[in-house]
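So that you can tell them apart, the chains are marked A, B, C and D in the order they are listed, and the count of residues begins at 1 in each.
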Amino acid sequence: MSFPLLTATAVLPAIGAIATAAVPAARRTAAKWLALTVSLATLALAVTVLVRFDPDGGRYQLTESHAWIKDFGVRYELGVDGIAVALIALTALLIPFIILAGWHDADPLETGSRRWRPTQGFFALILGVEAMVIISFEATDVFLFYIFFEAMLIPMYFLIGGFGDRAHEHGEEAASTQRSYAAVKFLLYNLVGGLIMLAAVIGLYVVAGNFSLQEIAQARANGSLHMATSTERWLFLGFFFAFAVKAPLWPLHTWLPNAMQESTAPVAVLITAVVDKVGTFAMLRFCLQLFPEASKWATPVILVLALISIVYGALLAVGQRDIKRLVAYASISHFGFIIMGIFAMTSQGQSGATLYMVNHGISTAAWMLLAGFLISRRGSRLIADYGGVQKVAPVLAGTFLIGTLATLSLPGLAPFVSEFLVLVGTFTRYPAIGVIGTFGIVLAALYALVLYQRTMTGPVKPEVSAMPDLRARELVVVAPLIVLLIFLGVYPKPVTDIVNPAVKSTLSDVHKKDPKPEVEAVAK
Amino acid sequence: MNPVNYLYLSALLFTIGATGVLIRRNAIVVFMCIELMLNACNLAFVTFSRMHGNLDGQVIAFFTMVVAAAEVVVGLAIIVSLFRSRHSASVDDASLMKL
Amino acid sequence: MSAAAVHSLWTTAATAAEPISKINAPKIEYGQLSPTLIVVGAAIVGVLIEAFVPRRSRYHAQVFVSAVALVAAFAAVVALAADGYGTTKAHIAAMGAIAVDGPSLFLQGTILLAGLVGLFTFAERRLDPAAHGNRVDSFAAQAASVPGSDSEKAAVKAGFTTTEVFPLLLFAVSGMLVFPSANDLLTLFVALEVFSLPLYLLCALARRKRLMSQEAAVKYFLLGAFASAFTLFGIALLYGYAGSVSYGTIARVVDGTVTNVDPALADTMGNDALLLVGGAMIVMGLLFKVGAVPFHMWTPDVYQGAPTPVTGFMAAATKVAAFGALLRLLYVVLPGLRWDWRPVMWAVAIVTMLGGAIVAITQTDIKRLLAYSSIAHAGFILAGVIATSKDGVSSVLFYLAAYSFVTIGAFAVVTLVRDAGGEATHLSKWAGLGRRSPLVAAVFAVFLLAFAGIPLTSGFAGKFAVFKAAAEGGAALLVVIGVISSAIAAFFYIRVIVLMFFSEPRPEGPTVAVPSPLTMTAIGLGVVVTLVLGIAPQYFLDLASQAGVFVR
Amino acid sequence: MENLIALLVAAPLLGAAVLLCGGRRLDAVGHWIGVLMSTLSFVFAVILFADLLGKNAEHRTLIQHLWTWIPVESFQADVTFRLDQLSMTFVLLITGVGSLIHLYSVGYMEHDERRRRFFGYLNLFLAAMLLLVLADNYLLLYVGWEGVGLASYLLIGFWQHKPSAATAAKKAFLVNRVGDMGLSIAIMLMFTTFGTFAFGPVFSHAGDASEGKLTAIALMLLLAACGKSAQVPLQSWLGDAMEGPTPVSALIHAATMVTAGVYLIVRSAVIFNGAPDAQTAVVVVGAVTLLFGAIVGCAKDDIKKALAGSTMSQIGYMVLAAGLGPIGYVFAIMHLVTHGFFKAGLFLGAGSVMHGMNDEVDMRKYGGLRKYMPITFITFGLGYLAIIGFPFLSGFFSKDKIIEAAFAKGGTEGWILGTCALVGAAVTAFYMTRVMLMTFFGEERWKNRPTRSPEAPSAEPAAEHRGEHAEPHPHESPKVMTIPMIVLAFGSVFAGGLFSINNSFLHWLEPVTGHSEGDSPVSAGAVTGATMVCLVIGVGIAYAMYGRRPVPSVAPRGSLLTRAARRDLLQDDFNHVVLVRGGEHLTRSLVYVDHTLVDGVVNGTAASVGGLSGRMRRLQNGFARSYAVSMFGGAAIIVAATLLMRAV
């Protein structure tokens, strides 16, 4: 057999994590550099995957398959389709920036015992999350996916609860209690979701007898595996619940604001831009493929929930006083768009949704990291504590503005493409929902510009008057992301070319075709 | 006389023993009640042995006595040590650990 | 001398075909019983050591003998298994008293390993600060002396240690070895007492907090005796029903496939009350041992009061043995009654899972917390028992193996966290442990995650196996409830992790003692097994599924 | 030749990129780079224009395909430019006027330390605007559409340190977003109807689509137009937009961007022709706005706000014309162009006046300025004459044609519209005369009085350098500012006539928009006469009110209508009460709901489980006997249950 590229992509960061954790306490910087190098190497591997992947080839490529736990019918099966490739690339791309942005976030304040090594832990955990996320994108075995879908909670949990913003308005003690509250909330929400999914996974095994996505999907397709309607629906709900918590979909969203508010900006990015994507990705890959009928049965409700998420998230974002919470609610609104696109069951909708996952990842990363830089300068997360930053730190303000514009999906920036595709895709099948969805773009403009206006413009607040502009390291983090935002906004074709075939086959799994236009204006 | 009556008797004894365990405070007495229950069992064994006309039950009765004896040894050891350290054999006083 | 033997004797006498003088000696397969015999022998040797070996060298002699015995017994088990007694050659030995088959061998192996690891924690002598220059373990200097009395002080000064714990441990292990492989009710009862009585004593032997220790022993003893009385009465009733205590015969009578029904038997057979009540009472006795709701109430108190090494051993090995016996009883003796006991067991399993998990939430003492968690786990295992399928058996076997190592490891870690008053078991003292000694905290976190059933730990594999079996057995509801209760359970495991890692360490917090290699082995073994069974459980699952067949 | 089209956009885009990323080292030359780029673009435009003129009418459409943008199955968006007569007209207007205003800004922003950035934004605007008019499909047009929105946001809020400016910018962007929503919905509708949104196929198949669909699309387009062109009900942002530097007001909020709505409607002529109901909506919006704007214009004392009102009203004319269908399209565009000239001229003039008056914007503090700034006076005056439609100046031709077309619509509808247009003309004459008189005539109300009360914030930071609180010394602006004004003045004088010479403009545009003579109930002459009469009336009243008697330097209370008009006819108050307040309450209550309800449910469950745990925990009371009781009870229950099982 050939070189197990996918395994390598997932294992490399895992090894890196262990190595980083093993770096002695004194050598903090070494740990940082090690982590950064590993993440870059992983990025290289991910790029190789991207290159080796042939958009017009088979559905799952670079597949690997080994027996694992025979008794549970579990195999170690990896394989990537266009959607997975895109998301793996996104993950591998963002991690180096996250590490670089969090360069000083884990420098220990007080020294515990000599063996207490927060810095090593921080970067090791990040790499661990990367490994788990990547492998759950690659897994084509439901059980394998489930294991890492669950396991990634643990490192995330420690990242959220263990590391927070340096300065805190209520002092370190209060901060740590709030942090652990957020961490526990995150873990419990997702754990409950995961356990309910576990019940469904077991049910799936009882029905299907194995966990191989391809086998089950084929069996469903050629009718050799028949599920009772009620069974299929229950199983679907079990799976969807877990993913909806992860995504997060209204009303299961309340863990996200706390988590993002309390964790450091890089970790917040890790949550919303990387980990949460697993949820939406899983809806696309598992819910639709395993339970096509049930998916269609649930579509109306899910679309309505997605719609609520969009509007609700945006409105709450407007009402926030805390920068990070605002970003969190904005993300909730965006996830509403993604889920809407997935369940619109049109090629535009789903390609758009996939594209949205990528673009939202990049744009939120840029926006949130910049917000983090801002916060680290003033030592406060409250919007009211800022004002006139644009005057003292024009570069910071300018880049932040671009992030803002990306968030309100201004044409010419990447998010616009995906958002419009999602809306069109939804509109073609559910006009009313599509129209209401477009209200989202107005609200997005509202919360995004309000944040920009209140922090960056107006008279210069004395506290920010001495604020330094972006440093070289921070610029290195932000500039590539912004370039990428513009490039993908102007020329998204490379991504769509990879994604489209996968979406096509997903749609064929659910036996859905795009609606025909009223007038055939373009000759086929 | 119908051996079934012995069964009723044993059941009665057993119940008395159980009730004693539930209502008496003194550890020793409680333990005695348990012994009573065991002996109720013995009676049942012997009776059944008689009914079925095989020896198993009677043999088991001997085993039970031995076991009971062993229990007495262990039990008294524990209870006495408790009594010596607390100067009370009341099971209700022994409630350091709760909730 | 087994009941069946006596039976044959009686019938020959009745027919009077042959002179009474002719008693054919019972045939005992010593080889196949070797594991038990080795341990019993070693235990007796231990007693002799207590009698004849001078005090200063007793400790080493005892530890040596016990370790050798347990290892040898384990080797014997492995040999038997390798010889195919687990599968093809499985049969009933010792005149129908002992079943040598897959489950019994598997469980005996597990118990022996648990015993060995337990032995290591028993033998630990580095944790307690040396009293007057003598290294001491966590057992009372002199059990007989009154707590706080001069005699106790003297004993401590003299550096006495209760080395009797090692033979007691061995006796308990021997009883546990017999318990799951007992093939008639009498053997079952005897085995029950044989492993219970030493445990009662062991509970009373804590070096510190002796009052609590004694109280625990009293509670355990009284309630245990109470329960065994019920069991015995149940046995009596079953005997009355079937006219025999051998599993095979009872099963045949229950199925109605029995030959030569004499009038008395026909009479009692008609009376199902005997069967049902008897069966229920025996099962209740076993449920008491596994600590299932509502027979669980002794668990928290005893776990808290007993010396922590004993707690660990007890929590692990007792569960294994008791569930083994329960499985055999339900699968071999009462399968004909499945439709009667399944609903009841359903109810018990549900209340046990939920009860254990819910009450654990508000616990403030780490040992009590683990006690309740063990109750919840008993519930999970019951879900597998209820499956009444080959998968059910093997999943339970696997779960027990996985669980016992996690438990011993966890309690071993508890012994390390100490302050002036001995072990610091109050949760508040564990705050910020992760800052003080990240390694210990991390290890404990691994155990907690395994308890919580997080993937890549043995806990998850076991839970999945059990729930899968239950679901296949048509107990979907049970699975759902199990899932819910494990969600609740997750909450308090996480609470401990939060406490250890995210809360600021207290200045007057406990210190973490550096243990001897013995405890390190115990903990290390726990971690290794936890991870191996979590990541690559296939081999052990195979083992369990091969061992999943009862002989009858 | 097609390949030049991309350069039209590329040049200013490059300029913007260089200026915004260049950093301080470009501060010295930044503005000249900006000017250069826009002029370059203008040069390309002229070359292309010449090329088009060289072709005959039906070959005057150049297409340049650059790359495939968003391909997803049937959804194919390309980056393709289309240069035909319509877009050519706009390109010339944008680049021409744009270049002039760039030049003007060099002088006007001289003292602003962020001048480089200003020119970057201006270039960005040019690029976006050109993209808007050159796009060959609606999605690409949408990019330009939002692009100009962004540029206007940046430029209105250019003086970000002023909260008012930042707020005005945000308001503009938000209101525009509402319009953009319409455009995006329109695009989606097109996609579902035609399976594409490229101009070619959509227009060629518009006939096949059901009228309902067309009407829906058209109405959505109208919504978009309202947003961008500040038509009722989305006009509220334009007044505040005057917070921006005056050149911005001239370029974006008078000459080019605000006319994008008209471009959209005319561009989509085919669709509107197929949807008469939508056309009615358009004319109504146009008519209402032209009166609304005019009334507002009458009441404002802020010279820029007054001009803004007039812009609103003039665009009302254009929209009205566009709504009339083939009768009006050409004249809508024609008025658009001429208006581009004279309104830009007027704003630059206003800017020049402010420049000389320490950034004073209150006309009541002007007066008699004609002898202090003669060039400004003349150019402004010519613009004034043009806008009120003084015979044979640009405005005369274009506006007259629109009024004719309004009558030509025929029926009562025609009469109503015509009348509105006439009244509008009268009011226009009134308020423009008012501006003229208050600024350049009458006694000098700015003498021996600081133009600004110290507490009021300065409109432009540059003002600080010019000794803000001193008594103003009115002076003529430097050449770099006056030359553009002069050029524009020429435009406003001759453009109309030039276009009307044997209907050259009509013939030029006809191939794209189509044209039809309506059957006018009244002769062209009559209309012209009526217009003249209105004009005279308007001027007369204005002269009576502001020429004869002195103008009070503090505004009199005025009639109810005046006071309402000063507040944009209470439009903002409505917005504030309904949208802003309502929105605040909504969000606040939602935050509450999220915290107490959604989150509360979860926390509540957790809490209740905890409580249950606490209660169950009490059973563990430490008494061995009670444990025994529970065991006994359990045993009893189990036994009973087992027996029951058998019983049932």
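As a working rule, contacts are C-beta pairs under 8 Å (C-beta built on N, C-alpha and C of every residue); 3 or more make two chains touch, one makes a residue touch a chain.
The shown structure was predicted, so the numbers you read here are calculated from the model rather than taken from an experiment.
Counting C-beta pairs in contact across B-C and across B-D shows that the higher total falls to B-C. Compared with subunit C, the chain whose C-alpha mean position is the greatest distance off is D. Chain centres here are Cα averages; for subunit B and subunit C they lie 24 Å apart. Centre to centre, using the average C-alpha position, subunit B and subunit D are separated by 97 Å. Subunit C has its Cα centroid 46 Å from the Cα centroid of subunit A.
Each chain gets a centre from the mean of its Cα atoms; for subunit A and subunit D, those two points are 37 Å apart.
Residue numbers of subunit A whose C-beta contacts span two or more other chains: 188.
In subunit B, the residues that touch at least two other chains are 18, 21, 30, 91, 94-98. Shown for subunit C are the residues in touch with two or more other chains, namely 218-219, 222, 226, 230, 300-301, 491. Chain pairs that touch one another: A-C, A-D, B-C, B-D, C-D.
Contact residues of subunit A toward subunit C in the complex are 67-72, 112-113, 115-117, 146-148, 150-151, 153-154, 157-158, 161-162, 173, 176-177, 179-180, 183-184, 187-188, 191-192, 195-196, 198-199, 202-203, 205-206.
Across the interface of their complex, subunit D is touched by residues 218-219, 222-223, 226-227, 230, 272-273, 276-277, 279-281, 283-284, 288, 293-295, 297-298, 300-301, 339-341, 343-344, 347-348, 355, 358-363, 488, 491 of subunit C.
Interface residues of subunit C facing subunit A in the complex, by the touch rule stated above, are 435-439, 449, 454-456, 460-461, 464-465, 467-468, 471-472, 476, 479-480, 483-484, 486-487, 490-491, 494-495, 498, 501-505, 536-538, 541-542, 545. For subunit B in complex with subunit D, the touching residues are 18, 21-23, 25, 30, 91-92, 94-99. Every residue of subunit D that touches subunit A in the complex is listed here, in rising order: 20, 67-76, 79, 139, 142-143, 145-147, 150, 157, 160-161, 163, 166-167, 170, 173-174, 177-178, 180-181, 184-185, 187-189, 191-196, 201-202, 204-205, 208-210, 213, 583, 586-588, 590-591, 594, 598-599, 602, 606.
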